[in-house]
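Per-chain residue numbering starts at 1, and chain names A, B and C are given in the order in which the chains are listed.
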Amino acid sequence: MSVADLQAREPRLEFDLARTGPGTPMGRFMRRFWMPVMRAEDLPKGEARPIRVMSEDFALYRGDSGVAQVIDYRCPHRGAQMHLGWVEADDIRCVYHGWKFDCAGQCIEQPAEEAGFARKMRIGTYPTREFMGLIFAYFGDGAPPPFPPYPMPVAEGLIENQAPPLVPCNYLQCFENSLDEVHVAFVHRIGGSHSGIYDLPEIAAEETDWGMIRYGRRGNEERISLHYMPNCTRVIVPPMAGLDGAGGWRELYLAFTPIDDENNMWFITNLVGVTGEAVAPYQQKRAQYLRRQAEAGSALDLAQEVRDGRVRFADIDHPDRVRVQDFAVQAGQGRIADRNNERLGRSDTAIILWRRILERELRAMQTGRAVKEWTPAPEEVVPTLGF
Amino acid sequence: MSVADLQAREPRLEFDLARTGPGTPMGRFMRRFWMPVMRAEDLPKGEARPIRVMSEDFALYRGDSGVAQVIDYRCPHRGAQMHLGWVEADDIRCVYHGWKFDCAGQCIEQPAEEAGFARKMRIGTYPTREFMGLIFAYFGDGAPPPFPPYPMPVAEGLIENQAPPLVPCNYLQCFENSLDEVHVAFVHRIGGSHSGIYDLPEIAAEETDWGMIRYGRRGNEERISLHYMPNCTRVIVPPMAGLDGAGGWRELYLAFTPIDDENNMWFITNLVGVTGEAVAPYQQKRAQYLRRQAEAGSALDLAQEVRDGRVRFADIDHPDRVRVQDFAVQAGQGRIADRNNERLGRSDTAIILWRRILERELRAMQTGRAVKEWTPAPEEVVPTLGF
Amino acid sequence: MSVADLQAREPRLEFDLARTGPGTPMGRFMRRFWMPVMRAEDLPKGEARPIRVMSEDFALYRGDSGVAQVIDYRCPHRGAQMHLGWVEADDIRCVYHGWKFDCAGQCIEQPAEEAGFARKMRIGTYPTREFMGLIFAYFGDGAPPPFPPYPMPVAEGLIENQAPPLVPCNYLQCFENSLDEVHVAFVHRIGGSHSGIYDLPEIAAEETDWGMIRYGRRGNEERISLHYMPNCTRVIVPPMAGLDGAGGWRELYLAFTPIDDENNMWFITNLVGVTGEAVAPYQQKRAQYLRRQAEAGSALDLAQEVRDGRVRFADIDHPDRVRVQDFAVQAGQGRIADRNNERLGRSDTAIILWRRILERELRAMQTGRAVKEWTPAPEEVVPTLGF
């Protein structure tokens, strides 16, 4: 597929690729994959939390065995929120009238009801797994796909998961930004941390069995980034401004989970290439950065001020400057970006190809034709330095 | 009606019992009763306030005679809010152009208009009464029903009205919670103030001329609670955590006034059984409690944090702990609870009967058949200790 | 047209005069005029801001030449907000991928695209002018009308533009309030600054080539105020409470720009009649007032507290007391006032005439008949003291 061919394409999309609620075409597609829903470190044993994924609510808890459990949001009795309840061993008891469900969803106790009623009652449950510090859940029909959905980094180092921000726009514009190497030279020009990747690449992209490879060509150099179906990008980028270079460039897995159509959560897993004696000084530097980050106030709030015209984009100053710049621009496209009034060009090659893949799959689902069986990505395909 | 019969019942409701706006079936039913709208102590002479009841706005003021007046929210001239105006004797003057209305709604002055125009102008007025420290209003057609709608407590003691919270959910799930004795053993388990009523009752319920009696049977003991049509429950319960037992168990009248379909206000009248020399030390203790309550911050905000998963239900610590627990669970059912996906059981007997009564009455109203003439409750029917 | 004739009129309006979004009758009418959009002092050279006018978003920037530019809100490429970009000379460059547009809207650079693509790309631009410290823009079809839309004050003095508040209601009820001399005697009774104009006038009004003249007759005295089509009122009024009379009565141009149907921005230009040696002490007094104003907190927030019944209208105490009173009453009519349930009288003569003019024009536009060609107002028609 030539660039000219891509550019000639009528940009009007056949499907709404942004909306992922139950029953929508894109929602059905996305529910065929594992979806990160929370950092493992944010769910201690014995605790429960409400979560929202693709416009549906659930409860997430972790029992004594340490396994995270995802169940329906509401008790089938009178609709109480299940995360208000008590975790007992690997079971959960509703706060309202004490109905207790095991982790397979079977009601096993109803203190104030007649015997026999409990066994007729079930609550929905959803498969979970953990990988690189994240809890994943599967919300589709039938058996979930292989796990993990993508390989660990091959290099040694520290795995860090940033506290996941809830970004006030649709997941797809954030994911598409991660396909878009050219934005770096403009959005992240101010502040310097990304100055190593300001030169403009020629973009190419190629579908694979597990997603898409993107190539950024600059003269003889070619940098590679990976895009795992349906919402995860793997790149190598510089550290946040506030780290002052500590840990150096790191491998990032950026997964964009739709919360609902107008919000998405960024799960960003870092492989920081420090080992052995370098770990302690790095951790000290990182602790300092986290203090500065906490003092600096919310990056999302600052991005909103920029969008409202109260702070200039050029004046963004924050330990997570790159993040604030990204939030401002991506959320600035609107709660749900209008893809039917875009004018795409050569630099949008990767975005165009991704949308074509999605549309082809949604069309196949809609017409009952065979959909592609995506496979886990092989370990040896890795990104190269440079976004 | 046997329990088996109740359980076998298809839970899908024929009427929407939650929505009480003008013209809705439940709205028409509710407008046949007196409705508490404000604490008497919150409306000094000479002042006016905006109120919202069953999705309609009104102005409430108290003139020199001391009688509370409810009138239309907006001036018929150009729609200014009447509560911004001046109370003059028992009349009210609009802030915008000085139109003055007497407490029967007749316009009696229009400073900048021609003579004769005023007498053609009226503003809507609504009957009011006061009882046990609350202002009641009647929003229905024709003459209001007898007043008071329910009797005073027979025991001697202090009447206290708690500052009425605006709870962010439909009134009916809060009222239904007050029919639900079993919730106490679970929702209020933590904190200890209700430990006297943790044992599980068998529930029975019986329609009366004025509403419903609910029975909680525990072995040979039977406790009685009263439910006055359409939205008031009378029970005997322990004091708030922050009172450290002061005043002992008290009789409560809990009236749930719909503000709109997604908000309701709790008017909770306490009869505290202290008399004579016991009053002064009790009042001192209560003043201390009110200070602690003010310092503790909003119980509603804390309940919201619990619902959002930021504070654990088990960690609720507040002088009004029982209230926070109730807010979290009841508002947690959603702004308007979904009654058509419930699975009711034996312990829901009272709720089931109440809904049946409502549906029978709404069906009668809809088909033009005779509706039940509810009578004021007799003084001698009283609740017994224990919720 | 006699007063009796006006009063006899059926108040139901044929057109929705409040809604000004694209394609609405009133929106089409309003887009035939210059509209103030920002204070000139709020847009330094080299900066860009987002603006919203009549339910549409735009970007506003000022390049090196000093000329303010209004362009489309979003980049045609991928929908980024243009005000996030960089102003370069008189051009603007999008923050997302560096597309650069000249101030005529032509795309002149696309760093990562093929040559030839840029010349096919344009961004919408809108004419602008500056006058008495305000930036005006024209959003209609074809050539804009003559500029300025109304004359400068004839008297010498200082031109001051108050920081424009975003008032949470439709523009028309605010503009209509400025036609309404009688409200002063009631809304502004408390606080004293307007005590010179508490006596009630008889109102008359007359259509002109440029809008409407309003007459307030009190015995032998007649005061004149001007209303420039479509949203600007010119009156003479006392200073804000916080100025303690400094500068004396001043000529005000009050322009109400619709932001969307539920919000409008007040552009209030003052001619303060101080000259020569009186300027310095006046400026000192004004600086003091501005400090007090900043300390007093938001006048809009205070007005909201009044509307919610938390602060009494009579207790409003603020350096801009008159403004708080106006905000409370006008926003209190609702986000969009309900004009079809009004009962208008003799004192509403000017409002009635204005609506008749608007309805006549909208009817002409709708049926394709000739609309009135409004002319700029002549310098010699000036308001007289007294609102």
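Everything that follows uses one rule, which is that a contact is a pair of C-beta atoms (placed from the backbone, for glycine too) under 8 Å apart; a residue touches a chain by one contact, two chains touch by 3 or more.
On a predicted model such as this, the values are computed, not experimentally measured, just so you know.
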Shared touch partners for chain A + chain B come out as C
Angle of rotation relating chain B to chain C [CA atoms, steps of 5 degrees]: 120
Could you give the separation in Å between the centres of chain A and chain C, each centre being the mean of its C-alpha atoms? 45
Sequence positions of chain A contacting 2 or more other chains: none
Footprint of chain B on chain C - complex, ascending: 3, 7, 182-183, 185-187, 200-201, 306-309, 312-314, 328-329, 332-334, 337-338, 341-348
Quick one: in the complex, what on chain B touches chain C? 47-50, 74, 76-81, 83-86, 94-98, 110-114, 117, 121
